[in-house]
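Here it is: the structure, laid out below.
Lettered A, B and C in written order, each chain numbered from 1.
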Amino acid sequence: MDHPLQLLANGLVVGAIYSLVAVGLSLVFGVMRVINIAHGDFAMLGAYVAFFAWDWLGLSPLVSLLPAMAILFLFGAGLQRLVIERVVGRPLLASLMLTFGLSLIIWNSSQVAFTTKLRGISYLTEPVTFLGVTMSQSYIVGFVLALILTGALFAFLKFTAPGKAIRATSQNQDVALACGIDVRRARTLAFGIGAALAAAAGTLISMTGFIYPYMGFEYLAKTFTIVVLGGLGSVAGALVAAFAYGLLESFGTAMLSPRIAPALPFVLLIAIMIFRPSGLFGTSVADR
Amino acid sequence: MMQAPVFEARAVTKSFASLRAVDDCSFAVEKGAIVGLIGPNGAGKTTLFDIASGATRLDSGQIVFRGEDISALKPHQRALKGLGRTFQLTRVFPKMTLMENMFVASPGDHRLHERAREYLELVNLVDRRHEYASDLSYGQQKLLELARILMLDPELILLDEPAAGVNPTLLKSLLAFIHELRDTWGKTFLIIEHNMNLVMGHCDKVVVMSAGSVIAEGSGEEIQANEEVLEAYFGKSTHPLGRAGHGA
Amino acid sequence: MSTRRERADSSVHGGGSSWVAWLSWLGVAIFAVYVAFMLAAPWLVNRGTLSLLYLVLYFVLLAASWNLMSGFTGYINFAHVAFIGVGMYASAIAIADLGAPWFLAVALGGCVAAAYAAVLSVPLLRIKGPYFTITTLAVAEGTRVIMSSAFMEPLTRAGSGIPLFVQIGFETKYFAMLALVVAVVVVTYVLANSRIGLRLLSIREDERAAENLGVNTTRLKIGAFVLSAFFAGLGGGLHAMYLSYIDPFNAFHIKYTVIPIIMTFFGGIGTVLGPVLGGTVLELFNDYIWAHVLRLNLATFGVVLVALILFMPQGLLEWLKDRGFLPKTRRI
């Protein structure tokens, strides 16, 4: 088994990346009560944008991060406006099935377009050693960037007018409407932001690990676990839960057989659903 | 009529986060009585119904039905024991016909169709028995709920604002119906209602809740004369029962 | 339900007039013709087409068994493939390791899947609405991971899979699959016209109201879940012999949950013939797209699903009933 400090560091890094995906999923749920099954696929698409920018144009992922986010923002916002907006207010299962259909389309098309080959970007691979912890530079850069982006999201939600509109819509849509907030715009914005953050996570994954079309589904499973752990709809809860989950995964993988470790998110998710359906941190807004 | 209570709330308490929705609430409903449960918005009346019917778990206290503590029973067990309720916002089965709605509620097969039709007739809905419940108006859905609960043959019926959204003519027959159920079949009613004329005119006893607790209990006249009730409703100004002027 | 007349009265929507009661037998008639065609098919079509019809029947079975639970109660179950796959494994192990005759192996597949569902149902069915759906998704993936893990290796041979040599002809498998389809449709029909079926539907409509009307929703949900898993396990157990090779990746592939769900949505969730219609049409369609857009078949199903949710969320049968092309009865 690795040194505990090493496991701790690894857990924090993956936790930071998970938080980017989870925070967006929770934000979207809070604002429009839609559980977006295609959310993991946004991360996958972001990862491929970064990969092709590197492969074809020679752009570093740090440079392509912003364009990847912008592209996925537009993609997400467009998808929301054209399709998902139509099921807002319908039973949750309608949106669940709808986004599931979208996920099938995105995932299967990506398989055909990108092939199922594992890919990755070798960038900033030199290891750095500090306090007995060895880590490649790309991990450290990824960690810092993830923290900056999450921080930016919190600042955006707290201090800007559109951010406040999103929070108000999340808390009570009727009141938000009565206060003259354009809730439709808030929803589109929130969905776009969620997709952009997922794309950022994908970009960071492309330089710290492998990418492949099916990854969206695997990240989705982990993200569900995280979001449920943090309380559906709670952005801060998702952040805390993402780090908790990253650490658990890091230590769990080291201690369990590698063939059992992949079952971890599922077992955990089932356990949470049974014992604390409203999440461990904070209370869920979705008690229906 | 002094009878043994069929229903008792004993020191029932329930909090949502920091809010004490029901706070040490105790009262009894005698067999064969029509009891009104009134109180300002947010007093905890519906929450008390939820606790009585088992939809919500209480934090402490007891719900006693026919001398038995039923606090630990599941909702369907309470229903089968004879405790029926309706909801403030109607909960009919929208994509089922009226008859199908009725059938769900009956524990046995005895005279199923006759009874279903009979009760639908009582609420004037028998001609629409093959339509989906979603095709009914809101007031008609309330009536369907009342008819449906009768399929259970409950001893005690909890009605949450039965008059809201029901037109005056229909309301009159509804009230006559409630009296008939009580007088001929010995059913007991606990009714949440904001319509004071209805409460004063039809209830044998009135229980007043405010901020989760019972603040007064007695006949209509006693309640109308009670200072505390007045305060709970309007601060110190006018008495609500003196000015109620709408409805039946 | 006392007399036949009364039953028609209870299940026919829209006025109980005699022609409507009569039309409600339409569903039975349609299904009888369908079964008659499938029975005659081995003498009517060539082997390639018969293979396709076998797959049609297999997917109809998966869809109809899924509908037994999710269509009636509204609890959308994403773990169906877990029961199919467990049934496949039970049957494959019974044949390969124990030398069981094929029909016993199939029966065992159904029973093991039902037992697995019974065990899972205790914690699962306390979870409501979309949370239930997400959790069942986790159950399916978790089952796949565990079945391919080193723990289960002695039994399942983990990732390397189980080869199967079964000495029964293709036509036996075909007729057995047809028999399973008839069984599940008959069960659905009986349920749809029974008080128990109405109580299951009341869970879908409003579970809390149902509880307060004396319906033991937990027991009913468990019953429906186990019954649904039983048929899925039978189907998986039989299909194992068609595949002649079982491995976790294919046995637990999420598409075997997704495709039956989409088929049921297409035909009409919670109806008797919806899964038959959806399964038949979409499997034939799937065969067509395999020939044309091959690798995009899941994406094509995705498009169908999105279009359904947006434009025809009740499915084809309810759409036809709403427009008066079919009588509004639970018999179809």
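Please note the rule applied: contacts are C-beta pairs under 8 Å (C-beta built on N, C-alpha and C of every residue); 3 or more make two chains touch, one makes a residue touch a chain.
This structure is a prediction, so every number in the text was calculated from the model and none was measured.
If each chain is drawn as a node and touching chains are joined, the picture is a simple open line.
For the criterion of most C-beta pairs in contact, the winning chain pair is A-C.
Chain closest to the overall centre, judged by the mean of its C-alpha atoms against the mean of all protein C-alpha atoms: C.
For the pair subunit B and subunit C, the distance between mean C-alpha positions equals 42 Å. Separating the centre of subunit A from that of subunit B, both taken as means of CA atoms, is a distance of 47 Å.
Here the CA centre of subunit A is 33 Å from the CA centre of subunit C.
Within the complex, the subunit B residues that touch subunit C are 53-55, 74-76, 79-80, 84-85, 87, 91-97, 99-100, 103-105, 107, 109, 112-113, 130-132, 148-149, 151-152.
Per the touch definition, subunit C reaches subunit A in the complex via residues 74, 76, 123, 126-131, 133-135, 137-139, 141-142, 145-146, 148-151, 158, 254, 258, 261-262, 265, 295-299, 301-306, 309-310, 313.
Across the interface of their complex, subunit C is touched by residues 35, 83, 86-87, 90, 92-94, 96-98, 100-105, 107-109, 111-112, 217, 221, 224-225, 228, 257, 259-260, 262-263, 265-267, 269-270, 273-274, 277, 286, 288 of subunit A.
If you check the complex, the residues on subunit C that touch subunit B are 1-2, 6, 9-10, 12-16, 195, 198-199, 201-202, 205-206, 208-218.
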